[in-house]
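Read from first to last, the chains carry the letters A, B, C and D; within each, the first residue is number 1.
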Amino acid sequence: MMKAAVWKGVAKIDIELVPIPRPRQPSDVTVRVLGCGICVADTYILRGAVPLAKPPVVLGHEILAEVHELGADVDHLRVGQTVCVDPMVTCGSCSFCNHGTPNLCGRMRSIGFRQDGGFQQFAAVPARHVHPIRTSDRKAGVLAQPLACVLHGYDRLELQAGSDVMILGAGSTGLLWTQVMKRSTQAKLIQTETVASRRNIAVRLGADHAFDPTRGNLAGSVREIVPDGVDVIIDATGSARAVQEALPCLKKGGTLMMFGICSPGENVIVPAYEMFENEWKIVGTKMLPHKMSTAVAMLESGVIDSETIVSRALGLHEIKDGLEWLIEEPDRGLKFYVDPWLGE
Amino acid sequence: MMKAAVWKGVAKIDIELVPIPRPRQPSDVTVRVLGCGICVADTYILRGAVPLAKPPVVLGHEILAEVHELGADVDHLRVGQTVCVDPMVTCGSCSFCNHGTPNLCGRMRSIGFRQDGGFQQFAAVPARHVHPIRTSDRKAGVLAQPLACVLHGYDRLELQAGSDVMILGAGSTGLLWTQVMKRSTQAKLIQTETVASRRNIAVRLGADHAFDPTRGNLAGSVREIVPDGVDVIIDATGSARAVQEALPCLKKGGTLMMFGICSPGENVIVPAYEMFENEWKIVGTKMLPHKMSTAVAMLESGVIDSETIVSRALGLHEIKDGLEWLIEEPDRGLKFYVDPWLGE
Amino acid sequence: MMKAAVWKGVAKIDIELVPIPRPRQPSDVTVRVLGCGICVADTYILRGAVPLAKPPVVLGHEILAEVHELGADVDHLRVGQTVCVDPMVTCGSCSFCNHGTPNLCGRMRSIGFRQDGGFQQFAAVPARHVHPIRTSDRKAGVLAQPLACVLHGYDRLELQAGSDVMILGAGSTGLLWTQVMKRSTQAKLIQTETVASRRNIAVRLGADHAFDPTRGNLAGSVREIVPDGVDVIIDATGSARAVQEALPCLKKGGTLMMFGICSPGENVIVPAYEMFENEWKIVGTKMLPHKMSTAVAMLESGVIDSETIVSRALGLHEIKDGLEWLIEEPDRGLKFYVDPWLGE
Amino acid sequence: MMKAAVWKGVAKIDIELVPIPRPRQPSDVTVRVLGCGICVADTYILRGAVPLAKPPVVLGHEILAEVHELGADVDHLRVGQTVCVDPMVTCGSCSFCNHGTPNLCGRMRSIGFRQDGGFQQFAAVPARHVHPIRTSDRKAGVLAQPLACVLHGYDRLELQAGSDVMILGAGSTGLLWTQVMKRSTQAKLIQTETVASRRNIAVRLGADHAFDPTRGNLAGSVREIVPDGVDVIIDATGSARAVQEALPCLKKGGTLMMFGICSPGENVIVPAYEMFENEWKIVGTKMLPHKMSTAVAMLESGVIDSETIVSRALGLHEIKDGLEWLIEEPDRGLKFYVDPWLGE
């Protein structure tokens, strides 16, 4: 038997003793969870706001683990290997899967959403979703999934040489963007963030300037540095209002990337004449298709400072605390991960 | 002396007798105007709503002409050649011009906006804005400028093989899009238009289906044909409301191109969560950088049916009538051009 | 029992009576073969020149079939459905599969190469490789796989508005390119082909000009039509020499696509200074990742004339004849398919 | 009067006393030359191997200068401003200029090639070719032109997140690539160079590994670091042989950029089957369209270490020495610039 934190419905998570899972298919493996990041999306799920997730299920989709048991057909992994798990499980036969855009699959059954995820001691997952990683650093390993999302967004940006970039938000994902962009643009990197301590971290990790967007005139401050505005804005807040307020900072010909997941029902009001006059692009981006192994390689190479971004481990009983802190008490930490063995 | 229709201010155009212009610079030419298309933008200008234009000035930026006199430095043109005029005159030294995006130049002085355009018998224009065209068909020639705008938009679409496309509006520009797209996609081409006669023309020129967007459930009708929605929506109405209502027809992963020029002050309300969930792109496009000669080649080759799109010539005294008809009396014609010699 | 044409080694194909296959995995289906195109690559395989294929195996990778039996886990197909088969079976876990480029997988075990293909009466295939098609036309159905390869190439071209295109070769694949390009470019479409009857077909299917590349000066003839050269050259001959001889027809800034599969050992000699001076691109393209369902939709819609391209059905005993005719007797037909039931 | 080094024909440069030039057009300026980089291309020109250049002319196309006199129409510059000069003067009216690809113009009359360049004390240049730079550092300023060429190449690479990159050559241009790539890829950066001291500099400026390509098995060494090969190879040697030998290091799906200018007559032999099997791209790149101001901004911001790359100033009499050293005595320095006032 093992411990699992089962999401039972709105605001309800129970710690239960359940059997250790076995590979369900010959192409599955089971893994022993080493750590599993807590994501802002988990708070939305807990509220019942995310149709992609359905209770009862074990949440947790940012999984670092150790291979525990191999299904009969699995020959490219070995027991004991440290691995990251790509949680995006798709149908493989709808038109979106067929077009090479599995992230748009309408019949997703993702790990931590529709099938049991990482907030438990062991998990059964398809072997092809498992990516070996050469590091024993848990703080690095739990970042593979969010970093892969960032890299998918990066590819959609089609960045040109010398682009000035502004990142909205310096939470854990915003700071992953900081580090990727620091190694991607040769020009100015500006970040906005309301929490002072996070602005300091943004600058330490590579931002040239960090502003409090609630103080003074944001567009004015930005245009003092880059008079024509920035070439690229990346939203990492998930706040439609933050996006709206940043729009006047965008250069003619620029691209706004809506990376953060906004609450259903929020809107961004796009001035129609300005879309012509300024020839803007607004680009959505979703999940992490085809980017997990690139993220793993980047974490292995040490170019990402995970120590600064990942604050500390929580036990299974602290998941709800962790989710609350993410939203309500930003000074408690940038990002937490669950260690399901903590306190054993 | 020659006749010119001079825009004097809101709603005021006077026909005046003025001297025939000479090349102002050694790199200018003067041309004898053969025809000049009336554009919906001219109605906005006439109202004073377009900051790019300033009275007093001769409007008209879709010019077909004959070379009349060469400036001292011009050696690649000859008197008598039929030419189209690229009206987009830019500063050449701002950061946007320097980046190869002259259409974003902040110091534009375009022909028919800030310097005298085609609603007169002769015009002085920079020689590098003049493109020889091998056709004597006035209806074809006056389409070079709007077609070049369409082609710039086309390049920004980054169309993939097998994309289903929906065009909003079947006015003259919408029908240029019909013809370009008929030769660009191997999949479905859907068009929306409120005027029945124009829907018929859309189908004749290549649309597979033409809907009245005000009747019934547009998204429902579209998704009967393409169950996942269309890959691309191109707005050729310039109505923010038309764009808004078409958004539910867009496939996950799809692109909305805002091509039509909306009135300043109009908005498109973009649902923020759907930008993530559907991974949409919204793309603005502006004017015709680098596309005039491609448009000319396309018109020469006869792949564009201009006879159907361009209704007839008007005299200088009828410009205001033509502008009114465009907006108020769609059955009078799809597009008019001014022949400044009519009635001489 | 059923009949199968088994490739046994260099130049050796035996017709054998073997058991009708059952789904090997719960995610497999078996299909009843309706027709299977003969591909030039099959001649290379037969010679033993293609490492991707290994005897003994049933060749044939352009399969139209009917679903015969469903594996236990297959719920999105039904028995009796007409389907096309995507033959590209990849490992799903190597770095290339992980990056969304399964066509580069180093551990491919494709249908008709490493596992039994379509030159037999029934075949077992993974359900996710099966694409329903709404047509009973065998000549259309057997074109889905080669057309999907064309469409993958198309996406890699990143075609701009108004590009002049030249296709080398008017065999069956070259003529698929003709038809796709006729609906993709608004400018000139030129085709080269040594066989006169095929040049006529190229013109009938949409080429504006068709040249015999062995007669006269090819670059001279091409530059009479497009003085600066063509924007795009697509090789559909698989002859390095044809590619080499066409290079002088390429415009500055143009793209050469090497689509045809050349024999191992052949070379194209690229003039190094000209790569700078002319800023050319040379682009390889491989197989059909993510394009099968788009090809199916295109064939369903009737925009591809398959009647002209696919000559007739052959029986299992005629496979070697068909392969020989493809190479040696072009006047016998453009393309053949095997009907494994012929003569029953 | 002023001093000018006039190229008179093969291997012949004379220092002459000539009148200080005045603006030739109202849109010209004259500049006082502060420094002008010596480029490897100048050695080709001196031999008579570059058709773009024609004697008698003053060479030198990497110009840092001070505005000296303004033409009548120039209002966006002021006397005394420090500026970089974009040497690429194009006709503005050919099909390539019209398409936004002035670097492909067939009637170029570039500064330092067909009109007098920077190896003199003053020069007359078109005002739109002049870019103010906020630095008084001559070593930085003379790098604007070569850096702009690098940035144009960069945009043509369409780099994806996590690409492993190999740069061939660690001369001054190769080391500009090192610095741009260090800020552009989050993955491995490998450089090849025969001169040991330059390999050390490459590593100091950001390369993760630097190899001598003439020692041992290059592909073997590279594939020890990146087993699948590198995603991108950028040639900065201008040696077809170096390109040829590096090709086996390229990953399937990878891109080879031919950036260095090879001698006319050299060839790269491209294996034709591998272009299919490996789905490679080979991309040429030419000059610096639209990138001068981005290069200037990058130099102003200090992200480029010019001190290491630019060795020292030479007088007008030492130009031929400098050219010889570049080729024959790599240990004398990475790059030299001419200060036409040296020794006055």
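Just so we're on the same page, contacts are C-beta pairs under 8 Å (C-beta built on N, C-alpha and C of every residue); 3 or more make two chains touch, one makes a residue touch a chain.
On a predicted model such as this, the values are computed, not experimentally measured, just so you know.
Student: Which pair wins on C-beta contacts, A-C or A-B?
Tutor: Between A-C and A-B, the larger count of C-beta pairs in contact belongs to A-B.
Student: Compare the contact pairs of C-D with each of A-B, A-D or B-C and report the one sharing over half of them by residue number.
Tutor: Same contacts by residue number as C-D, out of A-B, A-D or B-C: A-B.
Student: Report the inter-chain centroid distance for subunit A and subunit C in whole angstrom, where each centroid is the mean of the CA atoms.
Tutor: That gives a centre separation of 40 Å.
Student: List the centre-to-centre spacing of subunit A and subunit B in whole Å, with centres computed as mean CA coordinates.
Tutor: Result: the chain centres lie 43 Å from each other.
Student: For subunit B, which residues are shared contacts with two or more other chains?
Tutor: 95, 99, 294
Student: Does the chain-touch network form a line, ring, star, complete graph or other?
Tutor: Shape of the chain contacts: complete, all pairs touching.
Student: Can you list the subunit C residues touching subunit D in their complex?
Tutor: So the residues of subunit C touching subunit D come out as 95-96, 99, 101, 103-104, 106, 228, 240, 243, 252-253, 258, 261-286.
Student: Which residues of subunit D touch subunit A in the complex?
Tutor: By the definition above, subunit D touches subunit A via 151, 154-155, 158-162, 180, 182-188, 291, 294-295, 297-298, 301, 303.
Student: Write out the stretch or stretches of subunit B touching subunit D in their complex.
Tutor: 76, 91-93, 95, 97-100, 127-128, 131, 289-290, 292-294
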